[in-house]
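Here it is, the structure, as structure tokens.
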Amino acid sequence: MEIGVLGLGRMGRIVADRLREGGHEVVGYDVDPDTVAAAAEDGITPAESIPDLAQQLSAPKRIWLVVPSGDPVDAALDELDPHLDEEDIVIDGGNSYFEHSIRRAESIDAAYLDCGTSGGPASAEAGFSMMVGGPEWAYEGLVPAFDAVATGPAGHDRMGPVGSGHYVKMVHNGVEYALMQAYGEGFELLANGRYDLDLEAVARTWNNGAVIRSWLLELCEEAFREEGNDLGDVADHVAGGSTGTWTVQEALEQEVPVPLIYQALAERFDSRASGDGEGRFARRLANRLRYGFGRHEVARQD
Amino acid sequence: MEIGVLGLGRMGRIVADRLREGGHEVVGYDVDPDTVAAAAEDGITPAESIPDLAQQLSAPKRIWLVVPSGDPVDAALDELDPHLDEEDIVIDGGNSYFEHSIRRAESIDAAYLDCGTSGGPASAEAGFSMMVGGPEWAYEGLVPAFDAVATGPAGHDRMGPVGSGHYVKMVHNGVEYALMQAYGEGFELLANGRYDLDLEAVARTWNNGAVIRSWLLELCEEAFREEGNDLGDVADHVAGGSTGTWTVQEALEQEVPVPLIYQALAERFDSRASGDGEGRFARRLANRLRYGFGRHEVARQD
Amino acid sequence: MEIGVLGLGRMGRIVADRLREGGHEVVGYDVDPDTVAAAAEDGITPAESIPDLAQQLSAPKRIWLVVPSGDPVDAALDELDPHLDEEDIVIDGGNSYFEHSIRRAESIDAAYLDCGTSGGPASAEAGFSMMVGGPEWAYEGLVPAFDAVATGPAGHDRMGPVGSGHYVKMVHNGVEYALMQAYGEGFELLANGRYDLDLEAVARTWNNGAVIRSWLLELCEEAFREEGNDLGDVADHVAGGSTGTWTVQEALEQEVPVPLIYQALAERFDSRASGDGEGRFARRLANRLRYGFGRHEVARQD
Amino acid sequence: MEIGVLGLGRMGRIVADRLREGGHEVVGYDVDPDTVAAAAEDGITPAESIPDLAQQLSAPKRIWLVVPSGDPVDAALDELDPHLDEEDIVIDGGNSYFEHSIRRAESIDAAYLDCGTSGGPASAEAGFSMMVGGPEWAYEGLVPAFDAVATGPAGHDRMGPVGSGHYVKMVHNGVEYALMQAYGEGFELLANGRYDLDLEAVARTWNNGAVIRSWLLELCEEAFREEGNDLGDVADHVAGGSTGTWTVQEALEQEVPVPLIYQALAERFDSRASGDGEGRFARRLANRLRYGFGRHEVARQD
């Protein structure tokens, strides 16, 4: 099918490429004309503006937003809305706050799918996990596109009505913080413990058959291989935190205790306040893991 | 090679079978004669007693203990010791406390390998992750056996001198507690949150491409599939806790903060004190996951 | 001076009585006419309605709200506003959310003082601690009234501009949750520990000279004296939580780690979800302490 | 009565002086002859050695140890034992581990009282809180001495058999860690929050009538008065931790969750690992409070 991709940065470009590899036609737009030109060379039909993107698509139009969460989403919708009617579908593939997705769905004529997307740039080849909220007909209509961008049919599903996709993704990220910190605690103890251990070998042994094997543990193994068993100059400074904060806020609202998720978030705050010393190994590992899956810049010691 | 397996319970039998499938000859003994007889029918050479097991093996003797941790290990070593000399090798494949392994290694003439084994009965087919401590020559001599019982050559490694295998396994288990609780918090929030969600579908979608995908998350998916999205009558009662307790004790000793691991352990204590009410979803899931990987009995609501 | 007290419930009546004992004239109103009549018998000038209360006061009018936080405050202000001008002063003595106080201050013509009030009904005789936010002139003008209602001149102070009084009270309550839980953990360990202890004697000994002596510990001592060392039928069910939730939300906003306050709040959520069993001693004590200072009803086991 | 005080350092001297002020005769010994000489000038009968101390006392002998916990206690008992019989009484007034007290009681002929002592040097004038374990007759016999050294009759009590005094003191200290950290979290939030607050004024207002008023909060007030509202150059480095570690270890043993106490202890470990940056206000306050009650040296930023 024909799909417009609005935003051709690192993630947007992966979405567009996976759609094309899946046999779909892609019209693409980005605020940066060079980015659009580069995409055009690779077979993506270029659009000059958001209205141009909308107008190039035949009805029903399907437009996938891959722009930073927050104002850029609203700005894009403002420009798109005049060109859309109720048979069209807009997908927000970013990390939007779920209540914003509910508000946005009500504010535009087109159907709105909020699509929580996990896996990060590192999943370009294998595909993403996609948690989708919104009207069933709209989700069903886009299944071929989701099949292409996700890891396959098992890698996406409709969670429920609008907002539920970003809601489930929000909780996913809260869990993600806690998992990273849990591995970090284990490796910090090993790094400071009674034996002189090769942490890469520990991680590799665990990744082959142990109960705690996981993709994040593979990223730990990669981190030790690339940075050394002492994590070299990786700093004790963990950036980010908005989705984790939302998760804790929602848990407060629902009166559900989430002490591990809270603590993992608090460790991030702590890492930013605690200064420039040798630091905590657990948080240095979390810093590095965020590069592993999300290509977030690694803070380094001066 | 020829190997004696002492203890033919669920885990011991898996070790013996995987050794035989790997082309090794196995002499087996168990306190239960019926268990020995059943093993004999499947090609394991039966022994009538611990001394008999030792005597049937040709030098250098290799004996793999798969008995419950604690006194049974000491009892077995007491009986074995008169039949072993310094060219022989004893492997403790259980969840022993690492300082006990150090003590035991010093108390017997044979070389002693402490082999932390993760994966549980559920890994019978795919093989285990094995963290081995002890003399390098002894480990090297047993590599073919470890290749057979572990997931393969990548599934086992020598961590360091004696004690280090059980030490790394101890920390593994501490991390395991925290990971289970982290997933539990996420699913508890989803179960009590704003949307009516199919938690099995959430877990499946996450397992296909999401950052938090893992074997434990596959076991969550299985739990929801088999027990229902509300976990049915699975009780809020998480048993076990010794390896997690050891991990926290060691972290206190090393002055390494492990708040997530501590909290996950404290939740187990809490689940046992808090009574018989509806309970906390997170801990009900942890209860069920312990069956998933370890075939530990699931506490059910009356 | 002449002061109107709006709301003559348990706390309002204490405020009115302490004002009168301090030599001030009090006009009082309550939605319940019987409450007004009872107050009138004790020397409080009765008002028939909110407008009547406002009209009975001579300029500049000073009106002290002691109504439940939330809508009742807004409802009272709606009725008062037409009768007030910028030389008048309204005090909100309840547990309002600080951002509501900022909004309310902007919405009325009179000066607005937000007055966080700690000590609870139990402090009727000794007086309260009062944290006041708002314009300096308004605070200064009311110092004689605060002297009377607080423990004295040292028991009240202007924290800063409007909102700061309720802000500091909010944080006070967050700390209060954590202190209660900290004592609770200690007594739970003693109750389950190696010695058969008289917890009332422990608390009394601590209250006389120990580093951890405090008013809350005196309330623990009282709780053991009145309920018994096993806390009798006091349930593991801690109600309340709004100010603690606000504290954690604000800490998330400011990226300040507050793990103890968070955990104390989470224990309340946990106590409500965990059912009707024997329960956790720490939370049963927190339940009882809330009666100690706030006369909140004690949840009892059936 | 006549009492020997073994150890005349800061705490020992306070014990000796309070005994004398209470009308008792004190024979004193210290490893430092100058300390003994100084004490002699103030009316304490000097002893030249531990045997000399024992021999100067008439039967039944009562000897109060105020030496550092650990080996010094055992060394003193070794020297004392030959001079004592079963009618004599030894008091250990230090922070000994309760199981050591049980062992020591069994190893000497004299009765043994383990006396947990709280209040620190700052309580020299007002007297201490004393939690005593050991035989009832021995405790009863020493009540006049405890009356003098404690805040009075209400400031000491027999908790139970030997070990129980140090056991209750251990838990007291665990609670103390959590209380300090709870106040620290509140002040850290206020210091980083929305208003420019005078933290000394906040603490003073709270100390006069608020629910959270306490001696530790008075020490917070003192800290802000003496160091400034930003705590000046007080470092984010909290020393100590042995009694808190014992408390957590015992809670693990008893399977009692103590997440606040654990977290407060972990914050100490964290403060030592996290380096020399601006640091966490909560822990800087805890650092300063340890001086407030215990005259522990304050770590300062370079």
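First chain written, first letter: the chains are A, B, C and D, and each begins at residue 1.
Note that a contact is a pair of C-beta atoms (placed from the backbone, for glycine too) under 8 Å apart; a residue touches a chain by one contact, two chains touch by 3 or more.
Model, not experiment: these values are computed from the prediction.
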Greatest Cα-centroid separation from chain B: which chain? C
Of B-C and C-D, the pair with more C-beta contacts is C-D
With centres defined as the mean C-alpha position, give me the chain B-chain C separation in Å. 52
Could you work out how far the Cα centre of chain A sits from that of chain B, in whole Å? 34
Centroid spacing, where centroids are CA-atom means, of chain C and chain D in whole angstrom: 34
Shared-contact residues (touching 2 or more other chains) in chain D: 256-259, 263, 270, 273, 280
Residues of chain D that touch chain B when the two form their complex: 241, 245, 248-249, 252, 255-259, 262-263, 265-267, 269-270, 272-273
Across the complex, what residues on chain D touch chain C? 98, 118-120, 123, 126-131, 133, 150-152, 154-157, 159-161, 163-164, 167-168, 171-172, 174-176, 178-179, 181-183, 185-186, 188-190, 192-198, 201-202, 204-217, 247, 250-251, 254, 256-261, 263-264, 280, 282, 293
Within their complex, chain B touches chain C through residues 236, 259, 270, 273-280
